[in-house]
Amino acid sequence: MLQSTTEEWEWKTQIGLYQKDNIIISGYSIEDLINNIDFGSAIYLVLKGELPNENQTKMINALLVSTIDHGISPSEAVSRYLAAAGSPVQASIAGGLLMFGDFHGGAMQAMAKELQEEMEKIGESGESIDKKAAQIVAEHRQQKIPLNGFGHPDHPQGDPRAPVLFKRARELGIAGDYTKLMLAIERELEKAVGRKIPVNIDGAFGAILSDLGFDWRVARGFIIISRSAGLLAHYYEEVTKERPWRRGPKFSYTGPGPRKLKS
Amino acid sequence: MLQSTTEEWEWKTQIGLYQKDNIIISGYSIEDLINNIDFGSAIYLVLKGELPNENQTKMINALLVSTIDHGISPSEAVSRYLAAAGSPVQASIAGGLLMFGDFHGGAMQAMAKELQEEMEKIGESGESIDKKAAQIVAEHRQQKIPLNGFGHPDHPQGDPRAPVLFKRARELGIAGDYTKLMLAIERELEKAVGRKIPVNIDGAFGAILSDLGFDWRVARGFIIISRSAGLLAHYYEEVTKERPWRRGPKFSYTGPGPRKLKS
Amino acid sequence: MLQSTTEEWEWKTQIGLYQKDNIIISGYSIEDLINNIDFGSAIYLVLKGELPNENQTKMINALLVSTIDHGISPSEAVSRYLAAAGSPVQASIAGGLLMFGDFHGGAMQAMAKELQEEMEKIGESGESIDKKAAQIVAEHRQQKIPLNGFGHPDHPQGDPRAPVLFKRARELGIAGDYTKLMLAIERELEKAVGRKIPVNIDGAFGAILSDLGFDWRVARGFIIISRSAGLLAHYYEEVTKERPWRRGPKFSYTGPGPRKLKS
Amino acid sequence: MLQSTTEEWEWKTQIGLYQKDNIIISGYSIEDLINNIDFGSAIYLVLKGELPNENQTKMINALLVSTIDHGISPSEAVSRYLAAAGSPVQASIAGGLLMFGDFHGGAMQAMAKELQEEMEKIGESGESIDKKAAQIVAEHRQQKIPLNGFGHPDHPQGDPRAPVLFKRARELGIAGDYTKLMLAIERELEKAVGRKIPVNIDGAFGAILSDLGFDWRVARGFIIISRSAGLLAHYYEEVTKERPWRRGPKFSYTGPGPRKLKS
């Protein structure tokens, strides 16, 4: 019997551990956590290794509530197609979550990255946030790279979730420099293009998650956690209310006309 | 240009709707929800179309906290392999969630289904819960079909989460007939096999989610929502703390020895 | 530093092995295989541990060609939604493949399973294939369990692929008892319901893969391999010919009317 | 009943069409294709809209054979974990395919992209391939950006598949300027670092697929199609030869020591 020549590769984690008689997460026993904290706090704990304060928990919950559903948008359509095909609930949800690509939740991540990188430069240079915002807008326009986090095709007058989240972030004392920078970019963008293109949900998440101290690499994850619940609801509705095997969309064929391999 | 012959198939939902200037979920505007409810309540709302009371919300949060992480178990290993390969966060999480198959979170769903079907029979027959439990155990043993929701290979003395969740369910006034039936089955199973095989997390979720009034078809979804957060943390840890391209496991090749196609 | 209490679980396989200087598959060196066999033969090899003969290879190729694309059906729609969202090619294809659930490619697997189980009974009882077919139809009708592998919503007069594949299977000498049984069921079904409901692609795959000696557990896999290529083409077309962020379908909201949390 | 405000978004494709009584792919009827071409040719057809010649078909088959399996590497481990958890075959394969991220099959795509972009510059400038290769190596070293397509952790003396594929490409008359450029880069890299780091499977696919005229955007797709078959074999082996619920890997917990929420 031959053995593979695989070198050992260690598995290690600071997040959690199961033992024969316990599960610990970041040093806390699972019993302690189940009895005392809510899910929003647990998310903060696994990502940061520390518990949030009360207002941070409220802000995380507000973010998760805001994106739980958006009617039958593409992620929901995907989950429902999969449910209708008889794929199980984990596949229906997983498939829908694959929708959070670079042009969807990915904008959230890109926005958070840009805010965090620019803020670091502000820290070093002592520049003002307003000046930095003007510079960001100018650079994007010069290099013709679209700014992430603005506009929404389904909400031409502005994504209704963004202002509510920013207001909540201010009430809870979470809104800080990242939110300031984001809103300054919105103002500078308006000056530059001559009309307001409001911050969307991606921009709001990017700014507020940065103000909560999260690395941009996890920003997209928050909409994924949130929407997993909405997709579960759409899975359930599809399998209980609709006939199986949902048809695909009506489409046009624009390829070559009839031809034959052998005449 | 040819058109496909697809028949129309209507898309409709009771869950939510986006409009140009608003998003509504089960009749509530998204602003109202962001400002007033937590994520646990929002999950209840998208699944049931109604808001939970305070104790139901607390119970949902307790369930979601309990399964957020379990160290590097298979779902976490899968997400970390995918992260190390340079697949994006949505793919890393989606892949890990595909682990909740019939022998994993699926037991939760199977248990909830069995409890709900048996309880319906109790309702019709007026039988006692204890008698029903004895009958369920006897039938499973007779037909050699394993009972879902008992034992855990990583926790030989019992899954530490289950008793904590049942205690919390009693404190919150959530524990009802389904929990009673589940624990009666545990007792009957002990009588039958001569040693205690404690209810595991699948059994606890199955019973408590049934007592919360959820259909068995969504039971598996709760661990999926919960674990999506833990998998995000493992994705983040893998991409920030480990080298890319994690090697696979060491393995043995047990196939045929060297042979040649052409001599 | 704490260690997990994980028991060792051995990884072993008869399929293949990498060594420092070679890769072997079922005993053959990868060089030998690359230089001498086609992909259809390699599929047979990894699944059965032996090489197919020439006609078996041709039949596998015919099956794989037959399902490579079906216009924009649900699996293609899913892959295109994912591509348009900026998820990478592996996620776009993986998501589309999740469509092969119990009501899609799953029927193929279910049909193969039923054929293989019934054929075993024929072997034991010496019954005729025609009698068995009549009995299968009668049982399904009695128990109101739909027969897998018949009819196709997009092809009301019959799935155009099935007769071509059966004809090819006869020409290649592959068609055997499973194909006979499948076509006998089709005749019996026609007698029973009074009109012909032709065997579809699932039925054809189920029968022919069984005649090729494949276990029903891998039947669904053949359409998955085949369609992975079609989905790649749709991914490519979507990212090169369409704008990003494809909108979801138009839908109706049937939930509760406007209501408020706090008056 | 409220309607969503979704704007129409047209679905169209040049790849294929189903009609009530036929399926056409790039103008050919499915019957014609099933009876006359192999799967490798069908892949070329859906991607390019034209049929390949005989040698192109052979080359595609050689590529697909070469990556069908690699023992229990990460993609296979993922598919086997999913299979052991009771997730169905489509989920097991889809999960394994998500492994083809930027550091896995993605290198193939990155290599193909770089070759195609550099070749376009050669076309414009009339530079020699050797000079371009030297320049590519110098630039990567200067900017400390690793070159894709070289070296393999499991095969320290060189990926055994690459030279076999290049030899086959020469025999079939497929090897052209892209292969020349790839091998010139290999030589220049050796000069620069003082030891040979051989082209790996990603580099070989990148070069040969470019010589076959494929856009770099589909390069990663070829290993996905190929490996989907290997993953099917691993799924099958896992569900028929192993116990369900495979344990995760042994791991170390490196997080904070025991602490309590409420003292």
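Chains here go by letter, A, B, C and D, matching the order in which they are written, and residues are numbered from 1 within each.
We take it that contacts are C-beta pairs under 8 Å (C-beta built on N, C-alpha and C of every residue); 3 or more make two chains touch, one makes a residue touch a chain.
These numbers come from a predicted model, not from an experiment.
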item: Any chain in contact with chain A as well as chain D; value: B, C
item: Result of counting contacting C-beta pairs for B-D and C-D, higher pair; value: C-D
item: Cα-centroid distance, chain B relative to chain D, in whole angstrom; value: 34
item: Distance between chain centroids, defined by C-alpha means - chain C, chain D (Å); value: 22
item: Junction residues of chain A, two or more chains touched; value: 2, 4-7, 11, 13-18, 20, 33, 37, 71-73, 76-77, 87-88, 90-91, 94-95, 98-102, 106, 153-154, 246-254
item: Residues of chain B defined as touching chain D within the complex; value: 1-2, 4-5, 12, 17-20, 71-74, 76-78, 81-82, 84-88, 91-92, 94-95, 98-104, 106, 153-154, 244-249, 251, 253
item: Residue ranges of chain B touching chain A (in the complex, touch as defined); value: 1-4, 6-9, 11, 13-18, 20-23, 25, 30-31, 33-35, 37-40, 42-43, 46-47, 60-62, 64-66, 68-73, 76-77, 80, 88-91, 93-95, 97-102, 105-106, 109, 154-158, 160-161, 164-165, 168, 215, 217-218, 220-221, 224-226, 228-230, 232-237, 239-240, 246-254
item: Residues on chain C engaged by chain B in the complex (per definition of touch); value: 4-7, 10-17, 24, 26-29, 32-33, 36-37, 49, 51, 71-72, 87-88, 90-91, 94, 153-154, 249-262
